[in-house]
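Look at the two complexes coming up: chain A is in both, with chain B in one and chain C in the other.
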Partner chain A sequence: MNDSKPTILHIEQLQKHYPVRGGLFGTRQGLVRAVNGLDLNLRQGETMGLVGESGCGKSTLARLVLGLEAPTAGTLLLKSKPLHQWDQPELRRTVQMIFQDPYSSLNPRWKIGSIIREPLDILGQGPASERKDKAARILERVGLRPDDLARYPHEFSGGQRQRVAIARALAPEPELVVCDEPVSALDVSIRAQVLNLLHELQQDFGLTYLFISHDLSVIGHLCDRVAVMYLGRIVELASKQNFFIAPLHPYARALLTAVPVADPTATIRPMPLRGDLPSPLNPPQGCSFHPRCPHCMEICTRETPLLQKKTTGHSVACWLHQSPPTSHSPTPNRRNDK
Partner chain B sequence: MNRAPLQRRSFLARNSLLLAGLVLVGAVSLAALLAPWLAPYAPEAINVDAVLLPPGADHWLGTDALGRDVLSRMLYGGRVSLWVGFVAVGLSTSIGLVLGLAAGYFGRLTDELIMRLVDVMLCFPSFFLILAVIAFLQPSLLNIMIVIGLTSWMGVARLVRAETLSLRSRDFVLAARVAGAGPLRIIFLHILPNALAPVLVSATLGVAGAILVESSLSFLGLGVQPPDPSWGNMLTEGKEVLGVAPWLSIFPGLAILLTVLGYNLLGEGLRDLLDPRLRQ
Partner chain C sequence: MVDTILDIRGLTTRFATPRGVAKALDTVNLTVGQGDALAVVGESGCGKTVLALSILGLIPDPPGRVTEGQALFQGRDLLRMSEQELQAIRGNKISMIFQEPMTSLNPVFRVGRQIAEPLMLHRGMNETEALEQAEELLDQVGIPHPHMRVRSFPHELSGGMRQRVMIAMALACEPDLLLADEPTTALDVTIQAQIMNLLAELRERTGASGMLISHDLGVVAGFSNRVAVMYAGRIVELASTVGLYAEPLHPYTQGLFHSLPRPPGKKSGITALTPIPGAVPGIFDRPAGCTFHPRCRRAFARCRGQEPPLFDLGNGRSVRCWLHETTPPAVESQDKA
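Then we have the complex of A and B:
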């Protein structure tokens, strides 16, 4: 909530489109707008929760932030410097990632020690013996024993594997860590341990997390701010308190009321959504949520609402909460068609 | 009640194919390797006093039309067969691995070019291609090994490409990219070690195939040239006197049969061993 903290990641009108090829001659049949005009700001040391259903572009955003793919358009500044201007080793030292499935993210033929040392070996940080010591230290820090370095991934449980994956991500001492659903593949009983570990490590190393999840209880446990993503855009950006107490966007409200409450007398009724996520190949005109929105108005089918600040630390992209443009050449559409 | 001891038996004991293959291949390899010490006579030693002798105490497997000891010649011939098998398969597996990894990892145009080359190579009936090339070049051991290797890599390439395609999308490859690994590091340190198991099976089966091809070539006179012994040219010499001295054909034929059978059994056994669905 501290606005004075410096911005580590600044994203403005980011787009990533994938051409769909098909037919006899591999001609372009369409365009998947995986990320379509996304704005987001991460401040140093905070945890930004990113929620949204499958296919809304969360993982594409992760790949863009990691520099694994180049955006189609828009601005992506890491520490005020455009991401494509960073040189590879420096970028790898600064941004790291924790993957969802610890069974797939660790090479089964490699020992734990080599797995954790890999980023250090590639980036050439210090002499070999030092890298070895560092791997042992960090493995201990995530709660495993130093002699586990000589063991293989299959000798560990899911939770332990995820600790190894966390150790690998933190070995190069990054500043920003993208966590792609790091606990959703784990047993419920060990989720809390891993989340607490992530929180402790954040305190110790001063990390900034971009935390992708569709589990709102996890978001509530760990995050400072929440960004709700829908079809390649952020539709609501709020502090955790604001998001959980007074969500503004109808989609955010639907997400929140869909969480079962462990209280039989609770009166919150789920707000059912009609239909499925529309295809990013052919997103609806206007607000991309309007075909499913219970409050759909005429303007929603025509104009795309932009993310606008409603109160301090609470922004929303919805016509319910902002005055519609007066003229017929509003800025939203122009920026959208770019 | 009977299950417990059954499960305690090692995989080798439960997998009789693998065991039989190991025994056959081991015996043949050992015999060929130790030929200079095992052979009772020199393989080229002509003895006009002992022509076409049937198997007996002095010559366990008999002698040929020049009085040479069949057992000694077979032991030395085995070296040729195994050597050709290993070198040819080593060559074809290396080519297949590199092309398959490149096609699977880089995809797009690289993949298209390599896989079309595979299709073209598979269009030729490979044995006739080998025959034509050997007839054109000198029929030497080196040429045979190279030509067999150059015409039998396509299966490995397809196999490795398929493995690479499925491994490429695994998270640990993405994790390596996030760690800063380049394509060569990812291909050789991350993908290759995970793709080796099926290649090992195919290489073992490939040795059997290469031995058969070399025997066929030698039988047709385009392989190992006399007086150097090989199982194939021993068969050729034997067929002239098949009626009077059948042992000249039977024993080299049996050697080919058992060696090829051994490698096939070993390959099938390895396939079972490496298949996680069959592992208990």
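Then we have the complex of A and C:
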């Protein structure tokens, strides 16, 4: 449905490896492959939900998209231009973020007005009086009162603080907003308020969201498409309907099974997944999911499956759903963009 | 009727703060039957955790104090026991699993040693026997290679493994009552599902009664057979789990259900959720009358002036709401008779 919309973010074979240093001379002991060959496309105006367990590299991906970290290898195009070629103010005006914890993401010594105005001041958008007006307008838009500008973060509840964080992110009128677990720290009733607000704002401002969450019910509510991440890679990418009705990857199916259902009469489904996420320091050979996979085959222990289109709007990286390579194994693209 | 293992009557806990005395728990009445699984549901600040800590005598005093009420465990009032008597019960007959497996394990002791501690304390085992038993317990909670893991330190384990260690520790002395305060909140969904399945399985095997404190209506549905919904320090609805989920009666409970995102259907597009307006009032800003009335869509004049009692609707169901006013048999008055 959004197929015609232009691509705002194009990610191809993105890698971010962190060296682990230790020992007497701080020599390199290993490599954490936080993002390890990731492909993803975001279209203008859509909400892409990114799910995965802690440690799968979701937040590292967010930091890469925000330009807070430089990728080790791979392509990251924002509006068709490599991210590292953007100049900082222009990048910050285009991409903004909302963090998980509204208690640590707002400076406790600053008034709400200064917090919301800061990005505008730094980016030098218009004269001071105009910036002040704009801050008041955006604050009202997120459901707070203009006179709250003169108050401090501690005077607000968690849900209100998250509204302030949203106002700050939207003040410079960004096009892409990276939301890293924006409602995870909020209570059920407040979470619903903030989810509604995020959706309204998207409609009003034509925003594109990269929405990171471990909570599939939130993803299912807000997102157009879902990307499932496992140890630094996307293992399934589908429209919301396809994902929730017919997930393909065994890991995606396990995630959906694990979601607790608010219905005491529902039969409790056995959890098909055992064990924890393996360490990204030493990911398993072949498909990184194979040690936990109930359908593991011989090939899974040797070859890494690539993300391939299965049907329209549904891609999966799993040998169950694609034929094994015949002559040679696919070599991942190792272009270095630095 | 099942035997009652825990009978909480009129429990009130206050905290002295620079702004005055705060009533964190207000006349809470609750019973847990033998073999029951009770869930206490509510948002942050509603008093769920204070309830669990009050029962176990773990409220830091000062500033907190249980000022009124009783907590009868197998007929004996926990609140009137000496510290020594309580220590003989905590970790033995009643054990607790806390939310943060990171902070509730001691980082400088090996996990086997920590599981063995209650066994040595309450069961009079020597260290060798207790460590053997600890290994057996680690196996029961599904930790691979238990003979190696008893020698691990907490930092060597993942979050899910640490929570399994906490469960092994809580089960060490085969408790009659297991209190779990948000046991899976810090964990991933896949690990949450494993832990909740494990808890259900262990409860079935040992016949222990359970009390689960949670904000997650999904987790509660899978675990409990009775639910108490708390709001601002009070119980506002008490029902069987099936009854509550089929038809929540209190407007707050209804609001919680309406706030839940529903699994997406075949059609695309996003339907707005119906959240509860406003936020939970601060402990010093609790309104007069029904504490929920400023956020309630169905509030009327009486709600603003007079606090409703917990109306007993029969079938183990009670609601603190004037919309369900029945002739007075409030739980409070019954208990005093």
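Just a few scattered comments:
Following the convention adopted for this analysis, the second predicted complex is superposed on the first by the 318 of 338 C-alpha atoms of A that agree within 3 Å, B and C clash if a C-alpha of one lies under 4 Å from a C-alpha of the other, contacts with A are read in each partner's own complex, and residues count from 1 in each chain.
Rule of thumb we're sticking to: contacts are C-beta pairs under 8 Å (C-beta built on N, C-alpha and C of every residue); 3 or more make two chains touch, one makes a residue touch a chain.
No experiment lies behind these values; they were computed from the predicted model shown.
Three-chain overlay on chain A, with chain B and chain C fitting side by side and no clash.
Once the two structures are overlaid on chain A, chain A sits at the apex of an angle of 70° toward chain B and chain C, using CA centres and rounding to a multiple of 10. When the shared chain is aligned, no partner comes close enough to touch A:Pro291: not chain B, not chain C. Touched residues of chain A, counted separately for chain B and chain C, are more numerous for C.
In the superposition on chain A, A:Glu118 contacts chain B only, with no contact to chain C. In the superposed model, A:Gly45 lies in contact with neither chain B nor chain C.
Of the two partner chains placed around the shared chain by superposition, chain B is the only one that A:Asp101 touches, whereas chain C remains out of contact.
When the two structures are aligned on the shared chain, A:Pro283 is found in touch with neither chain B nor chain C.
With both structures placed on the common chain, the touch criterion links A:Gly220 to chain C but leaves chain B unconnected.
With chain A used as the common frame, chain B approaches chain C to a shortest CA-CA distance of 5 Å.
Of all the residues in chain A, the ones that touch chain C in their complex are 1, 53-54, 157-160, 187-193, 195-196, 199, 214-218, 220-222, 224, 239-241, 244-245, 254-255, 257-266, 268, 270-271, 273-277.
Interface residues of chain C facing chain A in the complex, by the touch rule stated above, are 43-44, 144, 158-161, 188-194, 196-197, 200, 215-222, 224, 241-242, 245, 255-264, 266, 268, 270, 272-277, 279-280.
Against chain A, the residues of chain B that register as touching in their complex are 170-172, 174-181, 185, 190, 193-194. For chain A in complex with chain B, the touching residues are 66, 68, 88-89, 92, 96-97, 99-101, 104-109, 118-119, 122-123, 165, 168-169, 172.
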